[in-house]
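Have a look at these structures, which come just after this line.
Shared between the two complexes below is subunit A, which has subunit B as its partner in the first and subunit C in the second.
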Partner chain A sequence: MSMLSTSTPSFAFLRSRWLGCPLALMLTSTWALAQDKRWGPGEPASDYGYRFGELFWLITTLVSVAFALVVVLLIVPMLRDRARPGHRASFDHGKSLHDKRLTAVISIITFIVLDAWVLVIAMKDLREAYWAIPAAKDPQTYKVEVLAQQWAWSFRAAGVDGEFGTPDDILTTNELVVPKDRPVSFNLTSKDVIHSLFLPEMRMKKDLNPGAINLAWFKPVVEGEFSILCAELCGFAHYQMFGKLRVLEQGQFNEWEAEASQLASTAFDADDTEGHWAWDWQE
Partner chain B sequence: MRGISWQGLAVAFGALGLLTSLQTSEDENPHARAPRDVSLVVTEGAWLRAPGADWFAQRAKAEPGRFTHDATAAGGAGGWVDSHGEYSLSEIEGEWAYWQWASAERLTDGRQDFVQFCSSCHGLNGDGYGRSGQHLRPTPRSFQQNKFKFTKVTADLPSDEALLSVIKRGLAGTPMLPWDLSDVQLLDIIQYIKSLSPEESGWRDVYSQVGDAIEVTEDPWTDTKERAIVRGREIYHGAASCHLCHPGYVTNEELRVIRKDPEGTTYRENLTYPALKDSEYEVLGRATKVMPPDFTWHQMRAGTTTADLFQTIASGIKGTAMPQWKGAISDEDLWALAHYVENLIVSYKDQPAARSAFMGGLRVSGDNK
Partner chain C sequence: MSSDHIHPEPTTFLRKHVFSIDHKVIAKQFLWFGLIWLGIGGIMAMMLRWQLANPGVPVPLIGGLLFPRTGGVIDPATYNTLFTMHGTIMIFLGLTPAMIGALGNWCIPLMIGARDMIFPTLNMLSFWAMFLGGAVGFYSLFVPLGATEVGWTGYPTLSTTVGAVGQGETLWAIAVFLIGASSIMGGINYITTVIRLRCPGMTWMRMPLTVWGLFLTSILNVLFIPVIGSAMIILVLDRVFGTSFYVPASIMSGGTGGDPILYQHLFWIFGHPEVYILILPAWGVVCDLLSFFARKPAFGYRTSVGAMVVVTVLSALVYGHHMFTTGLSAMLGESFMLLTMIISVPAEILFFNWLHTLWKGSLRLTTPMLFAMGVIFVFGLGGLTGIYCATIGTDIFLHDTYFIVGHFHLTMAASALFGTFGAIYFWFPKMFGRMMSERLGKLHFWLSFFPLVLVFCIMFISGYAGMPRRYYDHTSAEYLRPLQHLNVATTVSAFLLGVAQFIFVFNFIKSRWWGKTAPQNPWDVGTVDWTIATPVPHYNFKTIPVVRCGPHEFSNPVLGPDTDWIYQTEELPG
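Right, the complex of A and B next:
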């Protein structure tokens, strides 16, 4: 490859091992970080969670390839065309029609490969999973009303009778218990500022806006304890606004629900209307 | 790179670093805070009731130069003198009592922080009805009613130390967080909270008693925990009758044996569930009801170690049906109760299978539900 005389740039170096280095570095470091729960998202615990992982790795791979290309395209010409004994530095403003065409073609290909591809897959995920709110009248759907505030989560489940606003409504603060393998559907709102209900292991995140009721759902497929976090900066103690999500196996959950409903009925104070904040379920 | 003096650049960076560090050290001084909101300036200081002589004796050990005992004070009864002038002993309406001076400056500092951190739930004027506190159960405290639940002190009103501890630890299972502010900030907020007592009540009342902490005595059961649990179970269902409000963790028959009642005695319905109780605490002019916890189910607000439980049971929960047990039963029995309750929490709380086997067993074998 002659470096002295070329006037049009040579892209032969793209075939070299130069390209592999940044690509390998980026993918392996992302993979390594993703293995550690503190950095990566960990294994999904909801049925649509795997879609998140697929999208994440698609974007990471595409971005890594683009990054590797850009790095190589920057560094190699800088070395190749630099000034050194017997060689004047050569440079190009990219004003020729050829260069403009090249730029346009690269841009269009980049858009189609990166943005359009990701957009199509993301929209498919949203339609098929995230926006596919389960029907409220399906008895399998476990409904939860969430009232957020600075800086706590209040959860209300309908209890054994399945009706909101009755004495056996199960009220919990910063703790939510749900059944495994049943869709959990949320009605979300806030008293004061915007919060965001984030269940990282379930790959679910949805804002709670004061004055509006937002919808979200997920279906847990793993038993255990998971995190509830606030993902919207909501004031001084935002960092302390977290809770515990417990997923129980169906039989255990039914027992839990019956007991929680009974205890809720015991604690119910009929005259304390200010404390009864349930609303009609929104679909 | 002619024209740039590298040494000059280094000096400039150093100066910048120095400025930053000066800025930081100023931030760490809690009294140099963000510009104040002039609408929140408190113009008058306040005299607030202070704890009794025992508390001063404790403080005097920590700060020997500051507090001295004067045998001639309080009309010859003797009392403590604060050389800083913050605390003073004076006679009002024939009552000798210690008072603490909270300056307008200090109350202003406290109010600024109160409005920033506390008012969203506790309300701008401390009435316990801020925007985020609405519909919330349990309700945020109103600082105008002078009823504080988890103080771990003997008297009605908590000491500064007791309030500080509640604020720093938070109340588990409620939106009252463990607050991560400096002690100086928190103590200023506490003075402001105390100054919210209406005239002639709470910390502004000469007849109020500000409490000494319940001392955590030595646990007599450290080597005999099993026996403590057995003893605690007897006290719980026997002498202390905890099962009248909290769940009974026994069958009717077992309860009859523990209480040495005659055959055929019946007890309250739903013995294995708690019973809703009245409290003196009001929300929007209405007395609220309080649910005594089921230890195998509900979250303890003020700690789950035996020492925490000892203090909570000993002091009682002010304004509710839970009385002060210190003095009513011996410390040995208090510790046994603490061990028994701790054992219930450790064995069954958040363990659905173990709990339903235990509670289910009580409900099947007795006629209680």
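Right, the complex of A and C next:
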């Protein structure tokens, strides 16, 4: 017969000794919670950021309910249905019509609650925001060409004349200045390996693939300084490939743009072939 | 039926223990090989965690020995090598041999009543191809101009000579190719064995679910490993012979050029099924173990099989969700999002069946049972967080952050590992003829379970807070500095998890040689493998058994009040 005593008191030993370590760890984490640290991505600074937040917490709610259910159904038998003398398991292959119906109903409920619900909202967000790249013709759209390389970001804005590849193009490295409340549209490519433009406060991310141009956009709604990170492994200095994103009020931005454009035209060097990497705007 | 496939018992040491064609010996070879590599990969993980919690601080104990040039500090290039090799090792050299190689070789012939695999020599070749792959992978760490440091995904153009000049990257690709060849050989063998060598009466619907899981995994192996094989060959061509399949014209001196995205498609057509290659055997094992130790039939056997088949098919159709930020078109993106979400339906059916198997059972909370229940918890966490990753709207932000790291570790790594542990604790008595210590086993489970959940749940928080993965040092960027406390907490949990594994190592080694002698059937389980004597004789079955009932006839009222189980080879009374 069985070598295992059917009444192994594994819960007793869980209560007494083995829970100590993880409990101590949880207490440490709770203590860390009280410190002045960040536990989330911070306030969103783009209109898409709000959509991300809403979707994230909707999924979190649904998933938490589902997981709580799993845990309850796991723990109840553990406490109630332990092997003991005189106790026999119920015999059920789950083949009856009732069981099949139950399986089907729960599958359908799962699909509707966990998937379809999220899917509908996600599709709406994608259609209204993520895929809805603003038209280049629209004067409101602020266009930026991005060229990534190991390990720096180069940004090119069209400048006052609105044309790329002209002497007044504003070229910046590791710093991007954009106007608030206007859609910022990107043309993204890379010189060497794949990089990924990650604007965490804007909740935006898009890869920059060598040999092709990717499109992306966001609309900053908060003024201030934000982060630019690289999110695709691009070599050993990947972790240092960051930049600064400055969002200015329209008035301030116009001043900055005029000045930068002016400076660029003055400093324009027709022989500097390295610097002339602009391309025709892609839509 | 299978008498044609009997090979005589070898007499020389070499043919008996090294170049054996006996599936039982090959299973043990795979097991030892896999466990050693899991250990190496685990130590690499510990070093990664050390660096993340204490950037630039020399690694204690082993640092001076491993990185003498930097005085024990992991430099950024070495860090990249470590996480690349951690991923490669854990997937290809750790879980694949320990889960599929060892478990498949052990369980398939014994559970379906066969005397060996149908192609014993191919079986041996499969192990030695993997051994060679492991050797090449290990050697790649010490070659001129550096080991691979481009991530286990090896995206070009970083993995071409544009971004990685060292020979290590070429050798890495060759190693993956060799290991892939091993998996294909194993896969063909498993599929054919299951189809051809089932003993009389072992119908498809009487097979233990472990065998079902391994069978479906083998189908995925045979279909999709060739894709990664070709991707690797092309990569080697690009690196060594100057072709440009993956290198675009813009970064070449001339010519038409290729496309780095081609590789991503090839890689993930393989890469997503690979997740299921690792998890399907674990699912099968969990289905069986829950039934064995709840002393109840596996609830909804047919729907479980159906769900696993559906997952197998769907796994081939969802790979695009790895590329949501690559620049997929809206149409492709939305299709992949929908298809990915559909996977939650078969997964939910499995959960429903597992939980229903436990309900009103008579639970024996042995170590294998604890690990099986652990898989439900861990895979529940991992699977449900998959919804964030499948939804483009949330994945845009979470892609390439620690959220993804937490998600895939819980699903494909932790669940597969817990499944493997459960299987090892369960089949150890039959495999080595000795019992593993239950006391230490339970200790191992609880001390692994809590830190493991903590490690990856904290990663969900860091990922949600925007911490990118594959960063050498998160304190360098201003935005990431306030997240360092999460890194520290993850590292502390990871170390606890690492230390707990020594309990397993101790238990395994001690029980292997000095454990209590195992009886023939210590778990009161009726599958065919437990009808054989321990240790298993060379030919497994003197006469090929005849199966007369399903694998899970536990607590059947017709058995009477004195016993709650019956061998598959016995006729149900009445």
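What to note about this one:
In this section, the second predicted complex is superposed on the first by the 222 of 283 C-alpha atoms of A that agree within 3 Å, B and C clash if a C-alpha of one lies under 4 Å from a C-alpha of the other, contacts with A are read in each partner's own complex, and residues count from 1 in each chain.
Heads up, the rule we're going with is that a residue touches a chain if its C-beta (ideal position, glycine included) is under 8 Å from a C-beta of that chain, and two chains touch if they have at least 3 such contacts.
Keep in mind the model is a prediction, meaning the values are calculated, not measured.
Legend: residue contacts after superposition of the two complexes on their common chain; A:Asp192 is shown touching both subunit B and subunit C. In the superposition on chain A, A:Ala237 makes contact with both subunit B and subunit C. In the superposed model, A:Val63 lies in contact with subunit C only, and not with subunit B. Of the two partner chains, subunit B is the only one touched by A:Leu263; subunit C is not. Contact with both subunit B and subunit C is seen for A:Gln150 once the two complexes are overlaid on the shared chain. When both complexes are overlaid on chain A, the residue A:Val221 reaches neither subunit B nor subunit C.
Once the two structures are superposed, subunit B and subunit C can be ranked by residues of subunit A touched, with C on top. By the touch criterion defined above, A:Trp277 lies against subunit B but remains apart from subunit C after alignment on the C-alpha atoms of chain A. Taken together, the two complexes place residues 150, 191-192, 235-237, 240 of subunit A in contact with subunit B and also with subunit C.
The part of subunit A that touches subunit C in the complex is made up of residues 1-4, 6, 8, 10, 13-14, 18-19, 21-22, 25-26, 28-29, 32, 35-42, 51-52, 55-56, 59, 62-63, 66-67, 70-71, 73-74, 76-78, 81-84, 87-95, 99-100, 103, 106-107, 110-111, 114-115, 118-119, 121-123, 125-126, 130-131, 150, 189, 191-194, 196, 198, 200-201, 203-207, 209-212, 214-215, 227, 229-240, 242.
Per the touch definition, subunit C reaches subunit A in the complex via residues 75-77, 79-80, 149-151, 155, 157-158, 162-163, 248-251, 257, 259-261, 294-303, 325-327, 330, 333-334, 337-338, 341-342, 344-345, 348-349, 351-353, 355-356, 358-366, 370, 373, 376-377, 380-381, 384-385, 387-388, 391-394, 396-397, 399-401, 435, 438, 442-443, 446-447, 450-451, 454, 458, 461, 464-466, 468, 470-474, 476-480, 482-483, 485-486, 488-489, 492-493, 496, 519, 522-524, 552, 554-557, 561, 564.
Looking at the complex, you find that subunit A touches subunit B at residues 147, 149-152, 154, 171, 173-175, 191-192, 235-237, 240, 246, 248, 252, 255-256, 259, 262-263, 266-269, 271-272, 274-277.
Every residue of subunit B that touches subunit A in the complex is listed here, in rising order: 116-117, 120-121, 131-132, 134-137, 173-175, 177-180, 270, 273-276, 283-284, 286, 288-289, 291, 294, 297, 299, 350, 352-353, 356, 359.
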